[in-house]
């Protein structure tokens, strides 16, 4: 009898505690992002689908169709074709297709590329009702981009950060802490 | 012209017309409330979970219930093969109409009741039991295994909770000496310590009595944490599994109409109805404030607790609520006999 | 227990019926189908039917290179992608005798433990959802979101990270990550206290979990259950302790166990594991060494010497082991993935016999099943 009375009281108390907590949350600000009206900024390393990088000096594609990415891809979703243009020493890319229906955004292609000729985009609103929209002609996209702004911006350094590059900020880390100590 | 209007008002104030006006008004009120309680529930749930809830349709999603209703009405009313067609269609109506009828005796204000009858409380309790049958019929007629399990659950749950609720009601009838809801409210005039909830000199366990009534009301209306009937993680949607379109919509609205009725009754019985907590300026506004506070607490409870286990629910009723409500019944009858008898 | 499925004619005294719980049912979290023979609301026999999301992960492992199979490992159990990748790269590194730099091992431990917390948070929310409480799910997702944001900033992905590479990591963590992780630990500790008073102490939850679905030590052994399931039955089996790997021997943490073996025991074990994971992360951040994050001399074309290699990790749901049989080619001869959810599910049939349906679902929730992990 005593135990069951105690259980009733602790039980009732636990219910009241729960209600107090949810009421506390009731008056706190909301934490969700109202997606169509506002959206989050993707982080620098976000792995979107890939795109071709243009050489900042010539404005042409860096890619010379070595097909390393094509071979690295586990899902066979990249098709690269290249041809030797007149008077050029190296081949240059003439076709670069990404079948995004198969792509799993693993990033093997970007890692396989030795010349940083492809990089991740930050696009993520890629929904479509049309399958053809996902067979992306990246070469054509790059050419369209080249028409719009002939000289590309400098390639982003965060695409493939080298470990030594991160050593520098780590060495600086104690410095901001040092002046804080006297206080 | 003005004479015609005054004549019309006079005519409407005479008995058969007055009742009609009140009934139509009540139905409109319940319909509006049932629709907007869905909005309250969604907004409330959202705030408890730190989301904004519906925002798109109208300001703060205020037109959302209308959009929902249009959507539900435009959907096909599927009557699955093999179901009992008549019962399947009657069940939602059978659930909605008792709640509407019971609200006719609720005194919203001093002179604001559709029908001020002497056995109002009795009438509400007799009608309130019908919605159990409605869910059971709906579940049974669906011929769906989940729905039948749900129907069986609803019956045993409501049998278990009807008893403590009626015991509490008997206690209240003894304390007040009447079944007329308007008189019950009038007895609680004055400031809030005159409310039945705080009349501990008649029965020291009055707040406990209120808690029992409130718990039973949650169980009777199949609200969380006692929503055994539509335990969505176990029984998909329970008795409502096979209902589509407005068939489901009516069940859904009836659930809220029943909550409204339960909260209105709790307000009348324990929280002094339309009486002001300060003894002045009594009126319908106080009734609505108290009732909506109770409705909010129902939403609050739903979004706080997990669902009880079925035998836990029956244990609670048979091992705790019924003995305690019997105790309050005996205690208050003894107190009335010893200290307060006229 | 009825071993043969018999549906009696109507009116017979033992009238049973069959319910197909799933493949689309709110309580089976995905496409698990459980065929339940029921007597009233009592479960006579619950037979899990797997295979609805079988993707031939093992076969895929046999026809692609090690580096190409690596992204697949984060998709076996999408809730603990880090640990699964860890298991695979660990097996390859063991075979290729690659020495992973200590900084990489520490970051692996940090990210794996963060992944464990996020996985347990999803389990916690979904379990409460099974029990009819909706709000805890949203609170858990709020906290999980912070982990996902941190991991997204360093890996580029929110769920299927593929962050580990054979021989190290995809890239180094930055200072924002370290700062953010410390902030997260500081935020998470009071949240766990809040979870305790909101849910763990709640009388309704305790009534629903205590003494429900007891799993004995023998049953765990019989079916090969691992992870919180076996620890909830009182056996302190944790791969991080019994077969120490990566940098785990360098950290001080406890393996929580509960003797009872009921659903509450498994619940409490997981809640305590989150606390321990926070401790591990904190220690690893304090001791984080500097240096490279990629082993030197990782061959571009990786051929493992012929042989049979195995590597096990403690994933959020139990022991995940990868066995690679190599015949000195670029492509493995055989990849065997030992996933914890399949073993944990297989005891469901025996454990759930004679239970009420809602209790059986509580038991199923407490096993923390991830369906792609079962079928893989």
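For clarity, chains are labelled A, B and C in written order, and residue numbers in each chain start from 1.
Here is the rule we use: a contact is a pair of C-beta atoms (placed from the backbone, for glycine too) under 8 Å apart; a residue touches a chain by one contact, two chains touch by 3 or more.
What you see is a predicted model, and the numbers here were worked out from it, not measured in a lab.
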Per-chain CA centroid nearest to the all-protein CA mean: C
Higher-contact pair (C-beta pairs counted), A-C versus A-B: A-C
Computed distance of Cα centres, subunit C from subunit B, in Å: 44
Gap in Å, rounded to a whole number, between the CA centres of subunit C and subunit A: 26
Distance from subunit B to subunit A - Cα centre to Cα centre, in angstrom: 52
Junction residues of subunit A, two or more chains touched: 15, 18, 21-22, 25, 31
Subunit B, residues touching no fewer than two other chains: 48-51, 303-305
Contacts with 2+ other chains: residues of subunit C: 135, 139, 142, 198-199, 202, 204
Residues of subunit C touching subunit A in the complex: 64, 67-72, 75, 135, 139, 142, 145, 152-157, 160, 162, 170-172, 174-175, 194, 197-199, 201-204, 290, 292-294
Subunit B residues within the subunit A interface of the complex: 44, 46-52, 55, 300-301, 303-305, 320
Footprint of subunit C on subunit A - complex, ascending: 7, 10-12, 14-15, 17-18, 21-22, 25, 31, 43-47, 72-74, 104-108, 111, 120, 160-161, 163, 166-167, 169-170, 173
Subunit B partner contacts - residues on subunit C that touch it in the complex: 17, 19, 25-27, 41, 128-135, 138-139, 142, 198-199, 202, 204-205, 207-208, 356-359, 361
Residues of subunit B touching subunit C in the complex: 45, 48-51, 145-146, 149, 152, 224-225, 227, 231-234, 236, 303-312
